[in-house]
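One chain, chain A, links the two complexes that follow: it is found with chain B in the first and with chain C in the second.
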Partner chain A sequence: MNTDFADSGINLFILMAGLLPLAAGLLFLFIPDRFRLFKGIFSLLIATISLCGAGLLFRNTNLPLNSNLLDCLGQDHPETGNMPGNAKSFFSLYIDNLAVLVMLFISIFTFLILIYTLAYAHKRKRLPQFFSLVLLTSGSSMLAVLSDNMILFIAFWGFLGLTLYKIISPDDEASSAAAKKTLILIGASDGIMIMGMAIIWHISGRIDMSLMELPTDSTLSITAFVCLAIGAFTKAGAFPFHSWIPDYTEAAPAPASAYLPASLDKLLGIYFLARICNEIFVLNDWLRLIILILGVTTIIIAVMMALIQHNYKKLLGYHAVSQVGYMVTGIGLGSVLGIAGGLFHMVNHALYKSGLFLVAGSIKTQTDQDKLEKLGGLSRQMPLTFFAALVFALSISGVPPLNGFASKWMIYQGIVDFGHGESLASQLWIVWLALAVIGSALTLASFIKFISGVFLGRQKQELKKAREVSWLMWMPQIILAIICIGFGVFASGWVIPKLFSPVVGEVKFIGFWNSSLISLLILISLILGILTYLIFSVSRFRADDIFLGGETGKEEAGFSSTEFYETIRNFELLKPVYRAAEKKWFDIYDLSKGFVLKISHLFSAAHNGILSNLAFWVLAGLIFMFIFLLL
Partner chain B sequence: MGKELFYYFVYPGFLFIAITGGILSWYDRKITAWLQFRKGPPFLQPFYDFLKLLLVKETILPAKGSKMTFLLAPVLSVTGAMLAGILIMVPATGIDTGFTGDIIVIFYLLTIPSLTYIIGALASGNPLAAVGASREMKLIISYELTFLLAVAAVIMKAGLSISMLDIIALQQDGAFIGSISGILLFVVIILTMQAKLGMVPFDMAEAETEITHGSFIEYSGSAYALIKLTKYIMLFILPVFLCILLLGGFRLDGIHILWSVLKVLGIVLLLTIIRNTNPRVKIAQAMRFFFIWMNLIAIIAIVLILFGF
Partner chain C sequence: MDKFIPLFVILPLIAAFLIPVFGRFLKAFNKTITLLVFLTLLILSLFYLFAGSQASFVYHIGGWKPVNGVPIAICFLLDPFSGFMLIIINMMAFLSTLYSVSYMTRYTGENYYYTLFAIMVAGLNGVVITGDLFNLYVFLEVTVIASYALVAFGTEKEELEASFKYQVLGGMATALILFSIGMIYWYTKTLNIFDISAILKDSSDYKLIEFTQLMLIAGFGLKAAIMPFHGWLPDAHSSAPSPISAMLSGVVIKAAGLYVIFRLFFNMFEISYVIGIIITVIGTLSMVVGVFLAIGQWDLKRLLAYHSISQMGYVILGVGMGMLILSRNGSEALAALAITGGLFHLINHAVFKGLLFLNAGSIEYRLNTRDLKHMGGLSASMPLTYSTSLGASMAISGIPPFNGFFSKLIIIVAAIQARYYVLALLAVVVSIITLASFLKFQRYAFYNTKVEHEKKKYRDVPFVMILSMVIMALLCLGLSLLIIPDVRDNVLQPAVDVLMRKNDYFINILNM
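Then we have the complex of A and B:
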């Protein structure tokens, strides 16, 4: 039959894209780190094959939808095989356009990060087993995305929590604390997800996710939804389960941050959120309202925290949280426009944020500084990194015509369109719109701080020796920057119809934005502007020291970019909030840790080591058990 | 394509906007002079200023700053202002072209000039410019929410349409300003525009007497000429944008041309009078003013719209 041929093609692609990296990653774990270069090059090769597999899968227009992981391995007659019962059904896959799209981007990021790490790992001696962990992560995330069976899904998903923990490679107190926090939060959320899945099984008797469409009208189904949403939120890093991300990015090596919290975890978390909001459950109005509230809260509080950071990696980490808010908002809207915007923003965010973390890694390797106030004026020594960073920064701030603008614009339209509805959430559209837009302005503000703190301003004496990074490191940055520009320029003409319409259906804009024409005009204007300089005034250019009203510009006379937003921090309404946030009053990890410790103190107070007290507790326990058994 | 380029560069695009903006700048300076009992500059003064900077004066670059960024920032500011300008002017003049941009796009494009001022200022490495840039950024944060609320209120009045043409069409029977909420929104938008244009009382980013022109301290010659050009453009397109949002746009036939011109002149007159009768406020005061008072008025307007006023 013809379909057999097509199916075997699909199976081969899945094998290439998902299973191969997984197997290779496991194999590489047993090769010692001394052969790092060998491992790096082979990992890159495998990532290339995986990219090809994902690309071919993406180009395939007639996806079979239902498939099975065992078929991919070549077990084509399970009835006669030695599989007990219906064990095969536990390996069912669901291959739709959304899964394939996410897979494609997972493989792109794996590929780029591996190129970057080849040079990065060479410079820095830590990062044990980085390559195998990246491959394992890539393989298991792809298979998690493809899984239809919930048990298969949670197995791969849970495995990702482990690689996330291992990849941080803790070597001091701060990074081990961050790794532990990550493991506990992610692990706890995985546990809650399993509970949600158990409830779904209890309600519907089904364990495969596709085409479930459970109504959220009973307490049980709402509980199940909340459980699964907690998993998605923790993975993606949305309020109130976001707190592991800033700590993680501060402590982890930059490629690890670029790979996991910035790109893959967003892709997976938002992928799963899209699945549960649109396929597994049918949301009621109140749940929509709650999701929207959480979305805009995430945007605002994370960006407010980002404004006051001094460590640039932590600043980026808070943005990795803040941007999730847009995706959650978009998906929470539930309309085609909103979901397409949310997914587009997910892809865009992964592009520019992993780019930004790569930039952060480059800065770190070249200067060995963590704090913004120690940096400055690097744009002359690192022009390529600066160009990439500027594109990413403008893109994340939603400056037209870059990709960040295109997806935000879609989400805003979605919000305005959502206002036509009757429910309370629809009536509050203006609130969502206002908070999303002000979040974008605040993002711009904190990226001005980042860009000016690192690249602009006066050159620092001690940074004179910093040079541009090697080509292996700048190339991934530039590629990501070019994709960012391309996705923005061709947003309305190519990217949305070709990449996102197959996933969500025909996208009908209510606004107007001809991205290609406007980009062309920008290009023409830029050329004309440069020509203006060249024709009229290049002969009258002269470089001179800055003017300070007659004073000589001393090194210490600078105005550090970290002081930019002190006014906001000291604003009387915000001051107490910031103070509370710095004491971690809003961190669910610290709150629950405090709670657990309080209870354990209560118990430890009882165990004070005095023999008569212990004897009393033993006796009390015995009596209690006795009564319990009697009843 | 050729037609689009004509629209973009000649009418109603670059040339038209720049010249009208220059004339409005003269008008602003003349009114200011009258208010201060001076004679004021001749009609062509803004153009003399621009051409002198472009053609005669030398351009001094910061030796220790990022020269490329410093020079490209003004180019981008003109570009951003022009893109916003074309998307505002095309619906305003009723020309049917390939230029389509909704109100959200324009809102975003209007931020680009301020953003490029900031990047250019920071690229110079001058601490006074950095002070100016940080103030400009804080000012953006302050008025952006207010401006958005006002724009969203207009969207609400227009029955959730974000198309400029729809907003103009809906006001043919009566402009939005003819209601209580419309008047409140007008006040809010005028003050936001004052901040967007960097006019007193919200000129703390360039405060001449304090940080000697702040963000623009290092600019000279052709680069500064481009910044001046951006300011001319903004001085024209922002009042036109306000006309479209609340005053029913323009009609370019017969006696209506006079009304259209008077609308723009009236708005600029208002801006000029505000800037000449107020002292400069501190950045913290400006933030409080927008965060608390202006947002409050905007929210009141939105609530009034909900109840149909």
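Then we have the complex of A and C:
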């Protein structure tokens, strides 16, 4: 493997892609929000430069490379150039194909979200320091991805928790609570990761992560793996550390949800999961089994919760959790096909889910409604948004020929392939496959609810004034939709070989699959279908108001797609489970919060502030120490 | 440099004397002279740090040099460890005084306030630089008596009660400390710390020494508010005026409590495994129980006060682990790492806890409440208080890139390297609960829906208060640089060396 040190060209690209947004973000923090337009345009400029940097880095062919953050700042600097080796080793970077792939997508999302926010920020409530926070997030995610030194990595990684917390810009009870919960869960996972890294450092004596390949055969190394996996799971939002995502997406402004939990946190979490599963550790069979169990549990639990949601942002939030299950499953398989599928799904998910959140943001700005029941019939007023939403919804549900299908298909193939193995996890391949497919079906079911609830059905009286959003807002949506279609249609021909094969190696499909050919067939059948429709039934089609026994129906008589799904909640077997879930009995955050507060009250009860008690403790402490000494 | 050493005690004492005399006639005299004195001392201590020599200087009071290696006079010692503490003390004193300039206009009797403040700082500086055990006790009493008065400065029911508790428990501490000093004097026939150290090295009466050590742990534990001895702290630290709370939490418990424990147990006594265990255990106990107590609080300053107990636990954990490793003849580099973590956390805690108390003071200054339930939505109306407090909260919770993250990181790494896995896990768990309780502070004070008492619009606090808070917030970020090996080698490492290498080091001092 080629691990030469990078030349100055690479360092320049890293400077453009990572350090520049970080520096600009810091600088913009000190510019008041009055100059929002100025900040927005300059942020966009910087995001463009960063995109170019990431793109140029991606085109570089002789990866992996080692580099150093200090070198990127300038080699001829006397201060950095003369720093002794041990200080410099804290800033070591490792650039490989996975890192540059993730970086490329980080910069694409930053760019698109900034365009969207230019228009969004003007209309809605103010998002304080949004542009600087986006730039800071983008810069530090890229540097986290590039970091080789564990301390450098955890510093950037942990800082992302803070930007995630700040970007929600809380101003009422719900959003404040969500922000608090988010940072507590993320911060907790970061703390646990520190422990994992310290253990790695202890066992291997190394502080840089690349080419580690620790065997997971001792309790210590398994603990280290679990600690780091908790970090990755929490960031990506996999069960059981997912519970911040639905709350966050419900309360946060849509561009923030689209940027962080939907795209960047997935990219980072799954990136890190891939790192630890394939590079830092060599997994044993039991760990694989546990990862697969967590993966499919995430898929099913989250999608079941998504089915019963009324708030469309929260619904999307639960899907942001559910889809992580596929990625975790793919990565957990450990085969080339599985990892490629997992990473492909990570990228795809980021594409359509951030698209969906942008759609949600557009709906919110135009209608100011949060509940699905209050919406309906927007397809006529917002055709472009509708088209984008439809593409995203079909894509997330895994309908061919879109990208969601392609990556899920690869994961399914990976599972089947995995079934040839000997271990218990392999023996159970049919379970993983079945649950993954069921999850996909349920996703489709809940997205029918979303699409029909928002865009189809009868037009509500109070929504008559809704209009299509401005071009700055629909353009990112359409771009994402086109990428979704493109990635689906050219999956096997271009996307997999060009983007993912450099990362995981040559991907060999089981059986014959050519996505472009399939897309062509589907296109032909669609055209045939439309022709049939036009020829035979268009003249007999009639639209009318709802009527009931001859009377014109009232508003309540109308068909509401959300009520349709109430039957699931009322299904006897699931009813108690849903009720418990809504009381947060399964939420790791609320569980531990209750536990901590109980202990806290216990201790507080002892602290009644009576002076003689305090004096007694002093003596008791002294006596205990004496006893200890005598023993 | 040795000529300047006594200035650390003399200058604040002079200020304390002059303020009641001239303060009556000259209006801003009290503030100006206190600020000037602290600034001078801060520059002096920074000069010592950056002069680069990092040598030790001894000042013999009265100019009586030791005769045949037997010290006669009381001596002051400026070595990297005390220099490190002097920076913390004088920096925090300067910034708290700066903050007081506007804040103390709420109170009457400003002359007394600045007088007491200067006396307290004189005592703290004295504790840190003295090389004589009884002299240390005297300076300790100077410090705490001034702080009793300062805690009671509001003279309301609550303040007086807090001060009374503080005095009673402080009195117990005094008794324990004085008794132990008597024991040591009886046993060694000398009071000079380095002389004692030389004698104790060859002694054989372990039981007697260990008994004295426990008395000292309890006595200085009371000053440092370690867990079973912490009863006075939440009342006293929350009742005092906020700049004083910042001093008490940020400096006094460290300089008068932890510093002395570290100095005596590393440099005077031989390091023993049993004492190492006791110190580590009470440190861990403070760390864990303190944070559980803190998270349930709704009184902002009381929440911060309990966190001081918990954070002191981290410092003791770091240094205590170093002690354990040394006493088991473990790797010196590892012990140095653990102690570095402890001392790093000590300076970090001084800065961010000081800042948090000043933030609490600013909120109290505008809203007249310390109850979190009566705050809300202040992020818009008090933006700078908000941003500085966010920085400090993230620092204490260990979120990068703030300083607390790096010191906790070192402590956790050291714990794992030394195979104290349970301690590492506890440190992580406590850090998480700390984060939770500071997010509670952020949420209830600065987020949530706005409270507008009587339709009043809140503004941010006056300029000097802001200035002092902003400087501290920048320090919260800037101190992160201490993680970089080269910087650490120049600032923290010499202090750690003083603690680790006593034998080849103090013999020289005796003869200086």
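One rule holds for everything that comes next: the second predicted complex is superposed on the first by the 558 of 631 C-alpha atoms of A that agree within 3 Å, B and C clash if a C-alpha of one lies under 4 Å from a C-alpha of the other, contacts with A are read in each partner's own complex, and residues count from 1 in each chain.
By definition in this document, a contact is a pair of C-beta atoms (placed from the backbone, for glycine too) under 8 Å apart; a residue touches a chain by one contact, two chains touch by 3 or more.
No experiment lies behind these values; they were computed from the predicted model shown.
When the two structures are aligned on the shared chain, A:568 is found in touch with chain B, with no touch to chain C. Shared-chain residue A:525: touches chain B; no touch with chain C. Legend: residue contacts after superposition of the two complexes on their common chain; A:183 is shown touching chain C, with no touch to chain B.
Residue contacts after overlaying the shared chain place A:30 against neither chain B nor chain C. Of the two partner chains placed by the overlay, only chain B lies in contact with A:455; chain C stays clear of it.
Chain A has no residue lying at the interface with chain B in one structure and with chain C in the other.
Residues of chain A that touch chain B in their complex: 377, 379-380, 386, 398-400, 405, 409, 412-413, 416-417, 419-420, 430, 433-434, 437-438, 441-442, 444-445, 448, 451-452, 455-459, 510-514, 517-518, 521-522, 524-526, 529-530, 532-533, 536-537, 540-549, 553, 557-559, 561, 563-565, 567-568, 570-571, 573. Across the complex, chain C is touched by residues 83-84, 86-87, 90, 151, 154-156, 158-159, 161-162, 170-173, 175-177, 179-180, 183-184, 187-188, 190-192, 194-195, 198-199, 201-202, 593, 596-597, 599-601, 603-604, 607, 609, 611, 613-615, 617-618, 620-622, 624-626, 628-629 of chain A. Note for the complex: chain C touches chain A at residues 164-165, 168-169, 172, 176, 210-211, 214-215, 217-218, 221-222, 227-229, 231-232, 234-235, 274, 277-278, 282, 289, 292-293, 295-296, 377, 380, 394, 397-401, 405, 408-409, 412-413, 415-417, 424-425, 428, 431-433, 435-436, 439-440, 442-443, 447-449, 483-486. The part of chain B that touches chain A in the complex is made up of residues 4-5, 8, 54-55, 57-67, 69, 71-72, 74-76, 78-79, 82-83, 86, 98-105, 107-109, 111-112, 115, 118-119, 122-128, 130-131, 133-134, 137-138, 140-141, 144-145, 148-149, 152-153, 155-156, 160-163, 212, 217-218, 221-223, 226, 283-284, 287-288, 291, 302.
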